[in-house]
Amino acid sequence: MFRNNYDNDSVTFSPQGRIFQVEYAQEAVKQGSVVVGIVSKTHAVLAALKRNAEELSSYQKKIIPIDTHYGVALAGLASDARVLSNLMKQQSLASRLTYDRPILLSEITSRIGDRAQTNTQQYGKRPYGVGLLIAGVDAKGPHLFEFQPSGVTHEMMACGIGARSQMARTYLERNLDEFQGASREELIKHALRALKDSLSQDKELTIDNTSLGVGGVEEDFQMYEGQDIASWLETTFENKPEGGEAMETDS
Amino acid sequence: MNHLPHAWGRPRDDVYGHYNPSYLPTSLGGTQHISSMPTSHTQSPIVTGTSVIAIKFKTGIVIAADNLASYGSLARFTDVKRLKPFNKKCVVGFGGDVSDMQYIDRLLMSLDVQQNYAGSAKEMDEEDGGSKALMGANNLHTYLSKVMYKRRSDFNPLWNALLVAGLDEKDAPFLASADLLGTTYSAPTLATGFGAHLAQPLLRNVVPDEKAVEGITREKAVETVRECMKVLFYRDARSMPEYSIAVIDGSGVELKTDEKLENQSWAFAETIRGYGTQTVPVFVEDQDQIRTLDEMREYLPEDGLSAAMDDHPFRTATDPGEFRDIYLAAAQAVERMPKPRQLEISFDLQVDAGMGQGEHEFSYAQGATESWYQESSVDSKVGWGMFPTVEMDDQVPKAWKKVGEVKGATIELYLSEQNEHYINYRLIH
Amino acid sequence: MDLIDPERARKQKTSIGTGYDLSNSVFSPDGRNFQVEYAVKAVENGGTAIGIRCKDGVVLALEKLVTSKLLKKDANKRIATVDRNIGVVHSGLLPDGRHFVSRAREEAASWRSTYKAPIPAASLANRMGAYVQAYTLYSSVRPFGITAIVGGWDAETEVDVDGAVGSGPKSGSGGKTQGVKEGGPYLYMIEPSGLYWGYYGAATGKGRQAAKAELEKLKLDPKDGECISLEEGVKEAARIIYVAHEDSKDKEFELEMTWISAVSGPTEGRHEEVPKGLREEAERLAKKALEGDDEMEE
């Protein structure tokens, strides 16, 4: 990669009004393994593909429960995500302590968005190198938010970020209409299928490399890993030829 | 807790001895030089509001407070609104220091501005389930109690007693208090200040527990609160007859700030002979005519007035028969008291002007009152028709006999109005 | 570094490569701060934002480009409430806009705590102008990549002091002056340089040129007689955003609109979203007006 005079720090605009350091940080998100999130009228689901550094190492954690009503999935620098998730945990507890109220997801999302923005406007700081999907249920119902290193946040119906996530997003866009009315089980299956679409040819979803997080109305956010997701993987992908169900039904 | 805001938070003299004022400013009895004095914050409230009362009903809450801000015993400001609405679902009622109330009101204002960053309450209502996303009264109460506790932990309390009334996140009625110590409490009826002593029992008569809330209508709750405001005005010298009342339910906050007490009756004031228990002898009939208490019990009606006395601690007799019954019941009550008995009773005997002897028929079986009446010295001095109030202390009728003393009972006895005989008695244990 | 060479800079028409554009707070030999100019470039790519100051209120409107099908519809509000009576719409870098809004909220809150009254729109514009300008002064920060339009209604009626609990004296010292009228609708636009002006109609973002041309056709200057009403303003704002969107017709967008009326008006002096019904009506009319134009062109 050749040098560009305007990409040394996050306090320099390029002549086109771009901030390269921030854009580079977005690239770090694309290096992370894929995570997917979907909401229905009653539930919010996160699904993530975990990676292990080598055969004998453990898998990197991808979904972090923050409060009883929501959790986040990360793609990118896990240590940056830890900083942000700690902030989110603190703020969530503060809301419960001060107001006896679970923090609104829109509120916590904009808090970390604001925090990330300061890293893009001051010398000596770098943008966070992580993207987050924030999913759960608050007083206004189920929600899914996307957070980017630039500090941009959006509320989504469904979203996928991380390596090869375009494939997941394609699946999500094709099935977008079904999500709103989907049941808990259906939503989980959709998330797993979207996740699978982003996998490279030689990979499979297994109980070791897959994480699920589910939140719902009157239902705490819960993580599912290992044997707990075996039956979902089985029922979602049984008797399905390579390429997944979506391709078949659509074409 | 003492009902005088000035005494809140102070050590009691009877427990801790006289307050050592040496470190206070010289104007308050201090003896130290200003440079060596410790930092001190508010030691007492200045301009104060009195009681706030509130009661739950089936679908909401009623809360009220009068419009007075007192400066000591001076009724200084008479148009002070002590109920503050918050976001369509809550009302906060403030007792105690008025400037601290203004400070807290600003906190509420900025909290409201913050809550509206994400869209105003009006917009939220348009969305499905919008009002559930609003801050509930429980959330507001938690916030305020943290503010109060923080300030008391800084030794810089906000000198208030607050009631937070409204609907919670699930739109159920919510009522709780927080005070200058950061203490919180919740109940289906609440009252601060003097109201905790005077109104709370009356409110509890109507809503004894959470279960009873279901049976209370909005109208009944409003009526109860208005009645309590009246009692508070009768008996609390730092109160006024103009007040604010708010009803919060699913349809929002209905706040009226210039209500006036209606149908006041100060007749009861005539009977007040100072406060506190008083020791007065009690009498029964003369030895010649007297029956033993056992004998007197024969006169009791079958259903037993003693039970009635327990249920209705205040009662008025309007005919001679009832006079006798109550008298007997009182005597029986005396008998029930454990020994040694110390009866504290005040008797008032009033006979209005215009009653001639011949027009009176005192047909009580015991004849006690009659005999006293005839032998009264007032009788001979003033003559028929001009009887002032006669205190039993002064005018002990011959026909009555002292049976003992009972502590904590008060019997007030009247004869008044033409041919109508009233006995008011109260038993206070 | 030999990048900063005045001779070379003077000879070059472009800022690029001179070295004077690599750091904030540095003037070029001809007196320009290139980093600020680059920040303006960031704004020029943003969705069109406009503000209209009407007779009885202010309208703020924003063309919100839909960057993904997966976005939740009608969520992701971008026009922010700063204080009860003030709204801000911005174009450019979204997170910078949020930073601007948080600061504006702090300013409004601090004004309230000092003066026990809401901040006038003019004072907020002044303070935010100063804040934004400060981000052009230091090499340790970069300028804001946004242009913000601030709309507000300063109450004409006497506003209670925050926390007031009684009415106060009715006459004499501290009493009220009868018949005094002040306040009204205000509109300001703050640029990345910190420069700000008051406007009758303001536009920024990608479609600003087209929007300005439309704004200039409206009766907004009180000197020209009666200005348009708030309700007309809402309809014009919708139409102008639709006109401004013509150049990027292929992209989908959502229209976001807020308004602030007098205390006696529909929003009771508060900054609120334009009710759904009215917005949809305005959009219907806007589409109709555009179709009409197309027909005339053909």
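Per-chain numbering from 1; labels A, B and C assigned in written order.
In this section, contacts are C-beta pairs under 8 Å (C-beta built on N, C-alpha and C of every residue); 3 or more make two chains touch, one makes a residue touch a chain.
The model shown is predicted, which means the values in this text are computed figures rather than measured ones.
Novice: Name the most central chain, where centre means the mean of Cα atoms.
Specialist: Ranked by how close its C-alpha centre lies to the overall one, first comes C.
Novice: If you count the contact pairs for each chain pair, which pair has the most?
Specialist: Ranked by contacting C-beta pairs, first place goes to A-C.
Novice: From the C-alpha centre of subunit B to that of subunit C, how far is it in Å?
Specialist: Chain centres of subunit B and subunit C, defined by C-alpha means, are spaced 57 Å apart.
Novice: Taking the mean of the C-alpha atoms as each chain's centre, how many Å separate subunit A from subunit B?
Specialist: The separation of the two C-alpha centroids amounts to 60 Å.
Novice: Per the centroid of Cα atoms for each chain, what is the distance between subunit A and subunit C, given in Å?
Specialist: 33
Novice: Two-or-more-chain contact residues of subunit B, please, as numbers and ranges.
Specialist: 118
Novice: Can you list every residue of subunit A that touches 2 or more other chains, as numbers and ranges?
Specialist: none
Novice: Which parts of subunit C, given as residue numbers and ranges, touch two or more other chains?
Specialist: Subunit C, residues with two or more chain partners: not present.
Novice: Contact residues on subunit C for subunit B in the complex?
Specialist: It comes out as residues 77, 80-81, 83-84, 105, 108-109, 112-113, 116, 162-167, 270, 272-273, 275-276.
Novice: Give the list of subunit A residues in touch with subunit B in this complex.
Specialist: My answer: residues 97-101, 104, 106-107, 139-141.
Novice: Please output the residues of subunit B touching subunit A within their complex, sorted ascending.
Specialist: The contact residues of subunit B facing subunit A are 118, 127, 129, 132-133, 135-136, 138-139, 142-143, 146, 169.
Novice: For the complex, which residues does subunit B have touching subunit C?
Specialist: Result: residues 69, 77, 79-82, 98, 101-103, 105-106, 109-110, 113, 116-120, 122-123, 126 of subunit B touch subunit C.
Novice: Which subunit C residues qualify as touching subunit A in the complex?
Specialist: My answer: residues 15-17, 21-24, 34-35, 38-45, 68-72, 75-76, 93-96, 98-99, 102, 135, 139-143, 145.
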